[in-house]
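Letters A, B and C name the chains as they come in the text, with residue numbers starting at 1 for each one.
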Amino acid sequence: MTADGGGEPAVTADGQRPEAGTPLLEVRDLVVHHGQLRALDGISLRVLPGEVYAIIGANGAGKSTLLRTIAGLHQPTAGSVLFDGADVTRLRPERRARRGIVMVPEGRRLFGSLTVAENLQVGIAYARRGPWTVELVYEMFGWMRERRNQRTAQLSGGEQQAVALGRALVANPRVLLLDELSLGLAPVVVQRIYAMLPQILATGLTVLLVEQDVSQALRVASRIQCLLEGRTTLEGRPADVTADQVEVAYFGLAGAGKAGEGGEPLWPGSTRSSRGC
Amino acid sequence: MAWVNAIIQGVLTGGLYALFACGLSLMFGVMKVINLAHGDLAVVAGYVAIGIITVTHIPVLWSVVVVVPVMAVAGYLLQRTMIQSALNRGILTTLIVTFGLSVVIENGLLQFFTANSRAIGTGLALISGSFKLGSQIQIGYLLVVIFAVAVVVLLGLQYFLSASRYGRLIRAVADDQEAAQLAGADYRHVFGVAAAIAMGTVALGGIAYGMYSQLAPTTGTDTILLFAFAAVVIGGLGSLWGTLLGGVVLGVAQQIGAQINISDEVLAGYIVFLAVLVLRPQGLTTRRAQS
Amino acid sequence: MTNPLVELDHVTKRFGRVVIAEDLSFSAGPGDVVGIVGPNGAGKTSLFGLISGDLAPGSGEIRFAGRAVTGLEPAVRCRLGIGRTYQVPRPFGDMTVFENLLVAAQQGGGLRRRASYAAAIEALERTGMTAHANSPAERLGLLHRKRLELARALASRPTLLLLDEVAGGLTDPEVAELVGIVRGVNAEGIAVIWIEHVVRALTAVVSRLICLAGGRFVGDGAPATVLAEPAVREVFLGTEVTAALAGGSLEAPADGNRSEP
């Protein structure tokens, strides 16, 4: 295997055109550089209202860069970001947040000198109207009300993640961007947080998340997209992708580590099985 | 008894110094900017007050009501234009830019007003008078009023920062600018508000100094900025009430120095400043050393 | 292994509660090419830091060419023959490429004048930077900066080269060229340990792949075998995918967690 081949072409797992319907969030041919380092090379995606869209891929693949560019923290070199049909590529991050694109950044990024309640209040400062209130967040995370006057630095990793999530929710976003929720958290805690997704979606939100743990992403997403070295190597529904396809898309190596027969469908009920690439 | 007088004098001057310092501390805490023109802007406020009084003959205290808000707005504009664009290029650039601003202001004042010092006449007998405690201690009313004003300002600031929406935003932006953006806050605007507060308070300090002592074009740097800096360092960066403590320590040190030798007043203050830097660089109120 | 070039002997390193290395033992021989993969924060760069001297271990010993180097300064270790690249190349911007390499050869390699010139020219040729020898370093584009970083490490005439994520952000032809350079370097007898996220660059060159996760080695052996090991797959792909790859039985996800548009 040499390294001089071209990038793997994007595989749409069920071989069909991408989902029809107006996307709430769309990215077209995004090219993003960090200085001269090319982080994303022509990424496109469409997130439909009400779905959970997961971006997976190895470190350095560009997942967080993609989310941060969508949130407005990074300007792309080329391509566009569309929200509800409108081009928001040149919009500043705070303007996007006020329109309803709210990100929970990697590493929580709570306001350390503020209490839990104050963090939530900052989230409300520029909130849109909607079902989410501080009260609702306290209800969702039962422990939070009692500890609301504590400095966030005293909370555990999982609790901080909950506050960060709450801070984003009270802004009543239309699309919630979750950047590596599971980072630094124990698996049990991660499960608990992801278990809240249905409740969140029930209030009319759409979720675009980046997840390091591929299996976790496949568990919660309605559609996934795998990035490798800044390009898309796989997209589709979890039910339609095989473990082999995921592995190949993740590492970029055809036939990587095929000790067993492989090619088994990942989820039962899939209409397609393959022997990998 | 002269010593007691000196100490009381020093404590009260601390209030004045706190007015100088709290804006500097705020701007550094929120946006990591050290505005080297901080003191000069206070002097400008003083000169503007003098100008307004000379032209319109309004009472001295009314000039405060006019000048302070105007300076606050000017501070906002200065932040949104000059200082923000300097910040975009790096924190060192703000030092250079504000240094340049300081030079321009001082030379401008020199040009228009000559090097003579001026005072803001406090015609009111109440303000220029003093009262006696016991038989030996004499305290000027003005200084007491300034101290009281400083305390009120600090209380107001503390309340603003802890309980108001903008105060929360200022603290949030100071903690994590990017996370604040993600929450919908335009940090440039929040910086502007912080700068407005800083300018307003230092303008108040400048006018107070003009009443208490005298203003000259160079007073901004050689007195106000340096004393503000010393008060912040002694009291501890990031602490609002620390600026009062720092101011008080500085004032007391100066007065004690003056008792020893009248020309050692300012020197004594700086000796204490140096001592704090060497022995406890995080200041008297901060628990850990600041990075 | 007889006469290993570099050894880590029961090395432990912690930053507060975070474990970077947990009783790690590792050795590589002269001329070996080893690849290291693993999630971010697993301790890969810290491993390099322990070898190059930027980090001191909490416990354990580090040996180079049979000699204990624990406690030796990075500069001393560089003179002994450990060359290292850093994730963010920071060349001396005002100096030309050649001058940067001279500094590396003289300061890092301890070479005298004539020898340092030779070493610098050699490094230029190995990395294909001869045409840029007189360019100021700050004017270089990304690929050339990374090459300069590699050349800088080579100019000190190392016997062990530590490469830290040198392939990130490169286009395919650039990755191919980089792989060629590394192969050439190794062909001259220099041992290479390469941390990388771009796995296909590694598999093109290394004979041994190590997966580092949570301060421990989770896999160590031939690349194809290591990438097929469940423990290693688990690190990257998680439980279900790993199980599916092994052909194991699967559980459908709890419906409450899955959403459909």
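Points worth noting:
Heads up, the rule we're going with is that a residue touches a chain if its C-beta (ideal position, glycine included) is under 8 Å from a C-beta of that chain, and two chains touch if they have at least 3 such contacts.
None of these values were measured; they are calculated from a predicted model.
Common neighbours of chain A and chain C under the contact definition above are absent.
Greatest Cα centroid separation from chain C: this falls to B. In this view the innermost chain, defined by its CA centroid being closest to the centroid of all protein CA atoms, is A. Computed centre separation for the pair chain A/chain C is 30 angstrom, with centres defined by C-alpha atoms. Centres computed as Cα averages put chain A at a distance of 47 Å from chain B. Between chain B and chain C, the centres computed from C-alpha atoms are 53 Å apart.
Contacts with at least two other chains are made by no residue of chain C. On the chain C side of its complex with chain A, the touching residues are 39-41, 141-142, 145, 165, 168-173, 175-176, 179, 197-201, 203-204, 224-229, 233, 236-242, 244-247, 250, 252-253, 256-261.
Interface residues of chain A facing chain B in the complex, by the touch rule stated above, are 71-73, 92-94, 97-98, 102-103, 105, 109-114, 118-119, 121-123, 125-127, 167-168, 171. Contacts from chain B toward chain A in the complex involve residues 165, 168-169, 171-172, 174-176, 178-187. The touching residues of chain A, when paired with chain C in their complex, are 1-7, 19, 21, 34-39, 41, 48-52, 58-61, 184, 194-195, 197-198, 201, 212-216, 218-223, 229-230, 242-244, 246-247, 250-253, 256-262, 264-269.
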